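Two complexes, one shared chain (chain A), two partners (chain B, chain C).
And then the complex of A and B:
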């Protein structure tokens, strides 16, 4: 590998550069667009980053958009709040439900444990609309339609399998001997779980939680089917946004930037764990 | 607070010491997670029942069991065959393109250097973009009025290239968005796989002066195959179920050009309110993914064992 010729070096560099352009350009372009008004956006040929303005962001944050059809009231901040609230609560619920179960699957091999674990994992792969369509009818009957509780429950389908399988892997990596020693010293099961197992698996639990948060945040179809405007997260809200009459394209772009920034920040923060989490522990990062 | 809570817990467990025996503890720990998901299993069986009924939301009075009729009707239903064709085409195209592209990129970035690590982190960004929002981004980029890509194709002398709004290029456009979002997924799996390969065979080959293409075909590729298989199956399961990108981009249009399974089922349910057909469609998709996910899980377990062993 050290005997790379100059030609090869240049070819490699070029290839890496084109990969970067293909994958980064859309993000850069949307980012640039979010600082433009329709006037500069519609100019031909496209001029980039001319006269940047914060007017789109100001409009979105205050909820008052200036459009060609006059003032438009939007509740984009409401969508952002919904995304934040739904994702955070779903992850917390999934951690409370999933971590003890993951511990049981990892440490206490019991009859049917593998079958139950696989049943839970298989939810990760089932087509979401298969359960969502009947669920819309049920939710209407039991009054869970368009409620946060209903949505958080359904979001468990995303978060729970993920947390269960990743955290289980982390528990399996910890040697059980420390726990046995602590038990022999006279501590009971709960104390051992709390002060030995949990802290040792801490980083893994945090990583699984972050990943589950990202998946919940990026989810689209659950809220599309089960939530109406006031409960919709950004993914669904932004889509409704683009069809609003007289909307300015820069405002749509600003909405997209606001919606994707949180997951980007989290991904950068947790990138070390992403590979392992994304492959459910099949590939070490 | 935490102290008193834990004291309470200890007291409780001491009291119930004989009731919560070791035998029941694991069930007690996993029960809440299980119950949450069983609530979701009920709709699954409801979907099975719907698929065996004549059930239209617009005609609740006409609802009755018709057993396999919804499924039998598919045989002479050209729009069903269209759905199957479009879904399979989409899945095959996306998975093949993403796999080849990802393999190339992973090989490029294989060596650990500051630049390569930075690029592989940057490539996470598309993957972290919600697919529905990614579709919106590309929708803006391909807008005929101001989209930068529309401008590029015009400059390149293709004035009639209308991206997602033209039946000829609609599939190409959504596949492109899918490739943009998910290639990094396969790439980071393959990159992790490449970097975890044992160095000895490569050192031996270098010592013997084996040509690089031979090393690639005979050493790298065979050793990477389990990773490629896992990533491919994983993506195939998700790709044949794709909804977000296609729905956000074209809602299945133009015409029925992109009515993949989940989009078709969604439109059947909410627009033509034909619940029976919608459920039958989902059952067929479920059967397909069930088959794929069994393959995947088998593979994944083997790979996981290996990752565990090397950790």
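And then the complex of A and C:
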């Protein structure tokens, strides 16, 4: 690294800076917008962060938005809770179902295993709207429409294939000999799964869980069709800011900041864990 | 752990195994006595590792029976077989330190924590790894990994020990050390051992009995001397010995002096092989059984010397027969021989091996003439 010339270092720094600006600008801009009222946002020329205010956040948290056209009731905190609850529960259910299934697909070669695994993956190919209409009718008939259980069930279409296929790859990367060695040492199948396969695939399970969480969090269309106001996550709840008197940019921005915070924190935390996990694979082959 | 009298500790009866329609093990029958170390030798792909896995129970045979200590193993899970196994790739648990690795068979047997700790310490001392017990596998050198994997296999004092080429992935110096150290260690364990290797020197050093695998089956079982001096077929003859055995195409004929073969156009008497008369055969000559002799010695043949390489304790000469076949000659460094040009070699008929060219099997001489 010391051999780099000054010119090279400046060019490299410039390149990194431009990439950062390209990707970070919208987030920084939204962050700035969330501290401004609609009037200051729409002013020409823009005056970025001239009069910072917490009114947007106050409104979101209290549920009472003050706009130029009068008061507006929103249940943003309820939406946030719904997002958190739906995504977390969906990922937990998908992990409970998906991790043992992934292990079975990785280790036990049974008749039709590839076909079943591929069918599960193909759920990710189909456009969600394709299944939504019949699903809505069925859900209304069996009373699952507008329930958390129904939504979590449908969210498995998003989470389960993702977890299954990522974790399966991690299980396949574990040398079968390592598991055999534990069995021969005198431990049964379940003890081997718990003490060898699960910890060694841990980083993969964490990565898959994180990805599934983000996908579930960002889902819009399932919740839009299948949930009414009290079960809606933030992605659908944000529609409330498009009002008769115009789009409430300040509140939208504040809503976005609040809604990306959980995934952002999770990603920052898991990133450290993932890097640690990558260096674990140093087994003599 | 004294077993009754002559109890066969491990028996394989007509084991067969296919993978996706390909035969990997085809009818293996083998017995290992209690406390014996049997070396399973064979080239890679012969099915040695598969056979060990069948014994360990991580895969099931398609046919045949496996008996361990008088009990049939069909349907017995690997954890119930009481076996210790060391893997060629070590197969250490990467997320556990060396001590936890070694302790794995002990914790499975629900030993108390203090018992486990003292056993781990004892076995680590025996294998000289007590200073790295708290290192993770990735922090261990290959030699330490290998010792840890051996320690893990030995720690619960299993009655059957399967060692799958444990010295394959360690450097030459350590391999040499372990070759001397292991037999003593295994003897102290008093376990029935199957030791897999594809290094013929290791095979000869480790076991009183060697089973040679090839072609998905056991081809020969015998003492190291048996296998070296009387290999059952050409393949085995080629696998044992360095430099490799010389193989010369011959067709034995009946002549006034008995049975003769021609090398470099010169007749060599090879009595006792009446069965081979008129058949295409391959004559196997160990490099160290050939001797340089003066011209016109009876039963000697002419060669042209190509090169000579001194290897400290011995000298290996590459020569070409007049009919163009390569011959290697090995002799102790203190014995003189020809270094270049034309030379004559004599063979000791009792050390000559005659193989059927079609089947590759060893032809046995008429017993009456062997002593001659």
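As a working rule, the second predicted complex is superposed on the first by the 235 of 285 C-alpha atoms of A that agree within 3 Å, B and C clash if a C-alpha of one lies under 4 Å from a C-alpha of the other, contacts with A are read in each partner's own complex, and residues count from 1 in each chain.
Definition applied: contacts are C-beta pairs under 8 Å (C-beta built on N, C-alpha and C of every residue); 3 or more make two chains touch, one makes a residue touch a chain.
From a predicted model like this one, the values you see are computed outputs, not experimental measurements.
Visitor: Look at A:200 in the shared chain and tell me whether it touches chain B only, chain C only, both, or neither; answer first, second, both or neither.
Guide: A:200: touches chain C, not chain B.
Visitor: In the superposed arrangement, does chain B or chain C reach more residues of chain A?
Guide: Touching more residues of chain A than the other partner does is B.
Visitor: According to the stated criteria, A:183 is in contact with first (chain B), second (chain C), both, or neither; which is it?
Guide: second
Visitor: So, A:91: does it touch chain B (first), chain C (second), both, or neither?
Guide: Touch status of A:91: no partner.
Visitor: Using the touch definition from the top, say if A:211 reaches chain B (first), chain C (second), both or neither.
Guide: After superposition on chain A, A:211 lies in contact with neither partner.
Visitor: For A:106, decide between first (touching chain B), second (touching chain C), both and neither.
Guide: neither
Visitor: Have a look at where A:26 lands relative to chain B and chain C in the superposition and call it first, second, both or neither.
Guide: In the superposed model, A:26 contacts chain B only, not chain C.
Visitor: Take the contacts of chain A with chain B and those with chain C, and give the residues found in both.
Guide: After superposing on chain A, chain A residues 188-189, 191, 280-285 contact both chain B and chain C.
Visitor: With touch defined as at the start, can you tell me which chain A residues reach chain B in the complex?
Guide: Result: residues 1, 12, 15-16, 19-20, 22-24, 26-27, 29-30, 33, 41-42, 44-46, 96-98, 100-101, 103-105, 108, 110, 113, 116, 118-123, 125-135, 137-138, 153-154, 156-157, 160, 164, 169, 172-173, 188-191, 194, 214, 217-221, 224-225, 234-236, 238-239, 242, 249, 252-253, 256, 259-260, 263-264, 266-268, 271, 274-275, 278-285 of chain A touch chain B.
Visitor: Looking at the complex, which residues from chain C come into contact with chain A?
Guide: Listed in rising order, the residues of chain C that touch chain A are 53, 56-58, 77-79, 81-85, 87, 89-95, 104-105, 108-109, 137-138, 142, 145, 152, 156, 169.
Visitor: Can you list the residues on chain A that touch chain C in the complex?
Guide: Counting only chain A, the residues touching chain C are 175, 177-178, 180-189, 191, 196, 199-200, 280-285.
Visitor: Give the list of chain B residues in touch with chain A in this complex.
Guide: On the chain B side, the touching residues are 6, 9-10, 13-14, 22-23, 25-27, 29-30, 32-34, 36-37, 39-40, 42-44, 46-47, 50, 104-105, 108-109, 111, 115-116, 119, 121-134, 136-141, 143, 145-146, 148, 151, 180, 183-185, 188-189, 192-193, 196, 227, 230-231, 234, 237, 241, 243-244, 247-248, 261-262, 265-266, 269, 275, 278-279, 282-283, 285-286, 289-290, 292-293, 296-297, 300, 303-304, 307-308, 310-311.
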